[in-house]
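So that you can tell them apart, the chains are marked A, B, C, D and E in the order they are listed, and the count of residues begins at 1 in each.
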Amino acid sequence: MATTVVAEDTARARSRLGDRVFSRLALSAGIAILAALAAVFIFLAIEGIPGLAKPAEFYGDASNFWGYVAPLLFGTVLAAIIALIVAVPLSWGIALVVSHYAPKRVATPIAYVIDLLAAVPSVVFGLWGISVLAPRLTPAYAWLDENAGWVPFFAGPASTTGRTILTAGIVLAIMIIPIITAISREVFAQTPRLHEEAALALGATRWEMLRLAVFPYARSGMVSAVMLGLGRALGETMAVAMVLSAGGGISFNLISSTNPASIASNIASNYKEGTPGKIQVLIATGLVLFLVTFLVNFAARWVVQRSERRLAR
Amino acid sequence: ASNETGDTGTDSGSSETSGLSGDLNGAGASSQEKAQGAWATGFQGMNDGNVTVNYDPVGSGDGRTNFIEGGVSFAGSDSYLNDDEGELTAAKERCNGEDPIEVPAYVSPIAVTFNLEGVDSLNMDADTIAQIFDGKITKWNDPAIAEINADVDLPDTAITPVHRSDDSGTTKNFTDYLGKASSSWSYEAEDAFPVKGGEAAEGTSGVISAVSGGDGTIGYADESQVGDLSVVSVKVGEEYVAPSAEGAALVVEASPAAEGRADVDMAVDIDRTTTEAGAYPVVLLSYLIACQTYEDQAEADLVKGYLSYIVSDEGQQAASEEAGSAPLSATVAEKAQSIVDAISAG
Amino acid sequence: MAKSITVDDLDIYYGDFLAVQGVSMTVKARSVTAFIGPSGCGKSTFLRSLNRMHEVIPGARVEGKVMVDGQSLYDSAVDPVAVRRQIGMVFQRPNPFPTMSIYDNVLAGNRLNSKKMKKAEADDIVERSLKGANLWNEVKDRLGKPGMGLSGGQQQRLCIARAIAVEPQVLLMDEPCSALDPISTSAIEDLIHELKSEYTIVIVTHNMQQAARVSDETGFFNLKAAGQPGHLVEFNSTQKMFANPDNEATEAYISGRFG
Amino acid sequence: MSTVTPTTPVRPRSEAVSFTAAKLPRFAPALVAVVAIAAAALPVLFMGAGAITWAVLAGIVYLVALPLWARAVEGSRGATDRLVTGLVWAACAVAIVPLVSLLWTVVDRGLPAINTTFLTFSMYRTDLDQEVGIYHALIGTLLITLFAALISVPIGIMAAIYLIEYGKGNRLARWITFLVDVMTGIPSIVAGLFAFALFILLFGPSTRMGFGGSVALSLLMIPIVVRSTEEMLRLVPDELREASYALGVPKWRTIVKVVLPTALGGIVTGVTLSIARVVGETAPLLLIAGLTTRTNFNVFAERMTTLPVLIFTQNANPGIAETPGGIRPGIEIAWGGALVLIVIVMLLNIVARTIGAIFAPKTGH
Amino acid sequence: MAKSITVDDLDIYYGDFLAVQGVSMTVKARSVTAFIGPSGCGKSTFLRSLNRMHEVIPGARVEGKVMVDGQSLYDSAVDPVAVRRQIGMVFQRPNPFPTMSIYDNVLAGNRLNSKKMKKAEADDIVERSLKGANLWNEVKDRLGKPGMGLSGGQQQRLCIARAIAVEPQVLLMDEPCSALDPISTSAIEDLIHELKSEYTIVIVTHNMQQAARVSDETGFFNLKAAGQPGHLVEFNSTQKMFANPDNEATEAYISGRFG
């Protein structure tokens, strides 16, 4: 047994060294992420900035880069918003079923099946979107056009193939459901029993217990989950390219066949036949998307922080 | 995998065995992918499975870039090299200052295909097609269509024109046809479909699904992929011609060479307004791009062997079987053969 | 308005594991009943079965009868939520809601009724409840701060304040003072004394003196052997229990006591 | 509420509320469901709408009727609870429908393609009549994904450890957290372009290698690993860390031996999720990993085909059917490949869950 | 082997909040020192500063001197990990490692420090430690089962077993018995008696009798007022403290006692 608090030098050195090495490793991993991101940004900037100011013929109908990218950006954001509106409530619903509503016997298979969804390749989502989902939605779009045509979103004319931005949004939603669900259900399930029981013992119904004990505890995880889903929705390439009938300009009409493309799908569609100049333009749009995710995350963080501050009063 | 052992395919039926070995890498037009698969198979069989041909179907533009940068030994491209962005010059540089070889390899008719309940076939002239895709004709029973198809009972369905959403050689060839053969198409021939609106779909298979997924749809796609869908017979001279391999090959043969090209460059400007009987001018012509000399003997042998197999009767027949393309006509094939046979190391 | 509770041959399970076996007793209205017994004998488990908190653990269930003022607690028509509202509970470990302020923690139960409360009324409830739990003076200046920033004992008193804020009929307390110092303990005991004129109170405690001081009746639980289910050895008036218990085991446990 | 002076302790409510008074009968949900289905059948019968409309209408009727009834009997709290319960299950059902449709489509179209040849042959042929398979793409997918995981899992987990255990709240950590979120938005095609440009720069223009694909996929994986791991580490109670420190265990060992095992279940879920996320990626791989018909076991040299790329290219250029109107060979390969891909991830999931279950905190008997 | 601890004018902060102010005392080697005082006065905080556990809370820091056998604990050359290995700690709330079995929990301190042990040796440590914590009989048949499956009291005894398994020089205990029943408490107190011949023991307790029974010296902490930092009011031999304290406040606190 050691006689001094400052234990034998070797032991101390060992533990100190272990701690130093480990914390350095952790730090380097964090910095590696920053470096990777910086590298991507620099790459986009170097290859893309010349694409900002090309002669007008590089920008199709538009006369300059901003005219070219605006509808793409609009399409990206619109599709992602539709996806979030559809996916977030569904995902949280499923996550709650799995963590708090269904008995284990039912919850495990549900969770499992939803996880499978994450595995389906984009291409297959695209194929399914075209061949199964879109035709099923066509009658609904026709109905909306007839009965809700006065709402700008359903102004029509309804697409006869169903390959609209709403369909693309729904496909995106299905793609991000597993991501949002998986993380949400983990954080829901991790709520300490102690807090749940505190709520139940106050005579809370299950829903009230969720509100009192689970949601506050899980909030940061729920936000992360949504942000991950949003990221994927913004950046998804192939499924959107395959499902969306793109080529239109900015329009809030969700059910017509003339829709704005998304930035990522536009890159994928046009990269392959592109000449060097055209590719610079495409990469410049990638740079714009990058900056947009930056801003969206900034905004989300700001909102979260504000609500946390309000909570702390 | 168990099928990759070297001795498979000795009974491939190929008449000659060139005894080459090694890897040959190419990249480019996705339209050629299936045909490349057939060619690679035949070429690998000729060499007893000692050769592997890789073809990345990354798209014509990227294929050309890859070739120019030296990433691949040959490229497949739906359009010939030009100097709008200096690609021709760059390709020349890549080939040690010699003119790059461009030979036609893959010819395929582009079908104008539609899905309209109760109608199996229609005749149209270039003007009508142009106006449909321009959004000027919006109903199937429009007089312009009805006039030509007197014996067809046309419904009052709206027309949904389907075009490619991605940049594509098919679009470029199709719009080139519309621009040259009709008076009502005011857009340039381009990889990107120029008209706003209408339905857009990704890739040939996307167009096919969109056309078959809606009623009153009409689109354009590689004829081999049309399957059960109805096709439009296009007016050539005074006849209405359905898309066919022979018709496509005929047009390529009859088309004038592009101006100011080197001897080894078989780029042609397709004659969209031909009136030759049986010719079908809505065709896609895809080229192979390579160098005349390669520094490495093995690479030169492989490129030479592969390209000459491609333009050979056997190669063209294989592609026709596998991808449904139109075999090159004898004269074109002969000229191409002589060009690729001159590939050497230097 | 307080309730009496009659338990008849109750078996309590965690899945297949029988934790408590064959308990029968009557908890009188407007009195304090204490449960004592060695660790692991099922006191907490039994207590939780009295307001249907037991069943929130997956697989947990009971067999037997619990009657509260003539109503069967485990009747299929009974709403566990209504039960828990009227039979409040304070846990062994303090569990304030981590994201809520002290103020909101106290009001958490009241807010559930989604009654809109006036600010004045809410302030009043908070003050009364915190005073009842002897916490008011310590936190009155930082009601807006998070409840988790308090020391262990403060947190437990906050939980007691939260439980009494909803004005239950019965109050179950699982070792509510085990994390409290004598002054707070004394305040809670005083509070129990005060409350028992109108509430029915059941308290689990390790502190024999506490049981003797605050309770009118005492139940002694024990394990026959390790791994065996716990059972109720003796249930008697506290006086009798501590002076002259019927059962040898009780005597042994109580006389082996100290503290 | 009684009007007591502020100093009087709280008293029980004077009104005694019965435990049973206000509750819908047990069979209420079932009854309402039956009624809703019947009610929704009316417009279906008269207006000739389809089964989907019927289901949707029935769902809406149920979600309105049951809470309304509960509101009348149980009051607003009970109604809200029932509404939420209904909504939550409805969400589940609604999400399951497309999933089942999707899986069904894949199984239905993919199953006919699958046989031993399909699984053990590559697409390398020397004769057009030879049979082909996806073995080469299977190997490619497994290797490229494996290497992507080898890059991203350590970096992702270590970065999350930095964020939670070391950086807590400092400026660098805040930046990393923020930028990780930004990273989730990198489109896969951009990741591919980046990896392509990077490898061309490093190794010359003819570079094609599976590892390049791994690097591109890592860019997509890392943020998911970091974010999910971070959430799980955050949930490990500080009490456990303190218990370990108090035993004289150095911080790093505490993290490795106590914190990580406690969070392992969630971390494994996150990693599986990230793998599932990238295993189906097409865009980045076509550029840098290329396409070949042969099996390549070396991720550091030469082209490598992956399943998604194969599916994509086969679908884009499916060839011509042997018999007119038959299934095109490429389409069959594409769906077969998709089915195999899903099965792979399914197996992966099972493995991950088993690992998670073995190491998960044990709370019960 | 035991150590004496000398504290000199110690201020303890949570960020900007001064929780404990100006404490000076000497904890004798091979003796039991008890800290008493009302909830929230900083007993736990002070205790945690004695083995540098305080500093694991972000923003937490101390000012002043703590000397262990003449070595300054907060010297920059001192490794807190080494400190904690030799100055063990048992917490107010039981915190067994959820991923580990009972067996592994007991051995955690040894194993996590990567000592290689023979099976027999390990078995021996587990048995001795569990016996020391009076838990052996209850768990000896389920050593492989998870530690979290035990009742609260059992869990706490498991934590005590875990702490003594690494054979520290000093043992800090923060209300180790607050979740224990009398029998277990008695066992722990016996254990403390036994251990003090070789260890230095510091114990925080709410139970005045316990302090009186087990400790040789007692420190009384108090708050001047709510929101004010805690401070050490009196530090004296337990005998004197309970019989005839120097300080009025101490007298008031102790005589206001019960339990």
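In the analysis below, a residue touches a chain if its C-beta (ideal position, glycine included) is under 8 Å from a C-beta of that chain, and two chains touch if they have at least 3 such contacts.
Everything numeric in this text was worked out from a predicted model, so none of it was measured.
Chemist: Any chance you could name the chains that touch chain A and chain B both?
Modeler: Where chain A and chain B share a partner, that partner set is D.
Chemist: If you average all the Cα positions, which chain's own average lands nearest?
Modeler: D
Chemist: State the pair of chains with the top count of C-beta pairs in contact.
Modeler: Per chain pair, the contact count peaks at A-D.
Chemist: For chain C, which other chain has the most distant CA centre?
Modeler: So the farthest one, by centre of C-alpha atoms, is B.
Chemist: Just the number, please: Cα centre separation of chain D and chain E in whole Å.
Modeler: Roughly 46 Å separates the two chain centres.
Chemist: Taking each chain's centre as its mean C-alpha position, how far apart are chain C and chain E in Å?
Modeler: 28
Chemist: Can you work out the whole-Å distance between the CA centroids of chain B and chain D?
Modeler: 40
Chemist: Taking each chain's centre as the mean position of its Cα atoms, how many Å separate chain A from chain E?
Modeler: 49
Chemist: Touching at least two other chains at once: which residues of chain E meet that condition?
Modeler: Residues 81-83, 85-86, 93 of chain E touch two or more partner chains.
Chemist: Identify all positions of chain D at which a residue touches two or more other chains, and write them in rising order.
Modeler: 77-78, 237, 250-251, 253, 315, 364-365
Chemist: Using the touch definition from the top, which residues of chain B touch two or more other chains?
Modeler: Touching at least two other chains: 30, 58, 62, 203.
Chemist: Provide the residue numbers of chain A that touch chain B in the complex, in ascending order.
Modeler: 60-61, 126, 130-131, 134-135, 138, 157, 159-163, 241-242, 244-249, 257-258, 261, 265, 268-279
Chemist: Can you name the residues of chain D that touch chain B in the complex?
Modeler: For chain D paired with chain B, touching residues are 120-128, 130-133, 135-136, 200, 204-208, 286-287, 290-295, 302-303, 313, 315-321, 324-325, 328, 330.
Chemist: Over in the complex, which chain E residues touch chain D? Could you list them?
Modeler: It is residues 51, 53, 56, 58, 81-86, 88-89, 91, 93, 95-99, 101, 108-109, 111-114, 145-146, 148-149, 159, 162-163, 166, 168 of chain E that touch chain D.
Chemist: Would you mind writing out the residues of chain D in touch with chain A in their complex?
Modeler: 50, 52, 77-78, 80-81, 84-85, 87-92, 94-96, 98-99, 101-103, 105-106, 154-159, 161-163, 165-167, 172-173, 175-176, 178-191, 193-194, 197-198, 219, 222-224, 226-228, 230-232, 234-235, 237, 250-253, 255-256, 265-266, 269-270, 272-273, 276-277, 279-283, 307-308, 311-312, 315, 334-335, 338, 341-342, 344-346, 348-349, 353
Chemist: Where on chain A is chain D touching in the complex?
Modeler: The touching residues are 15-16, 18-19, 21-23, 25-30, 32-34, 36-37, 39-40, 43-44, 47, 89-94, 96-97, 101, 110, 112-125, 127-128, 131-133, 136, 139, 170, 174, 177-179, 182-183, 186-187, 190, 192, 205-208, 210, 220-221, 224, 227-228, 230-232, 234-238, 263-264, 267-268, 271, 283, 286, 289-290, 292-294, 296-298, 300-301.
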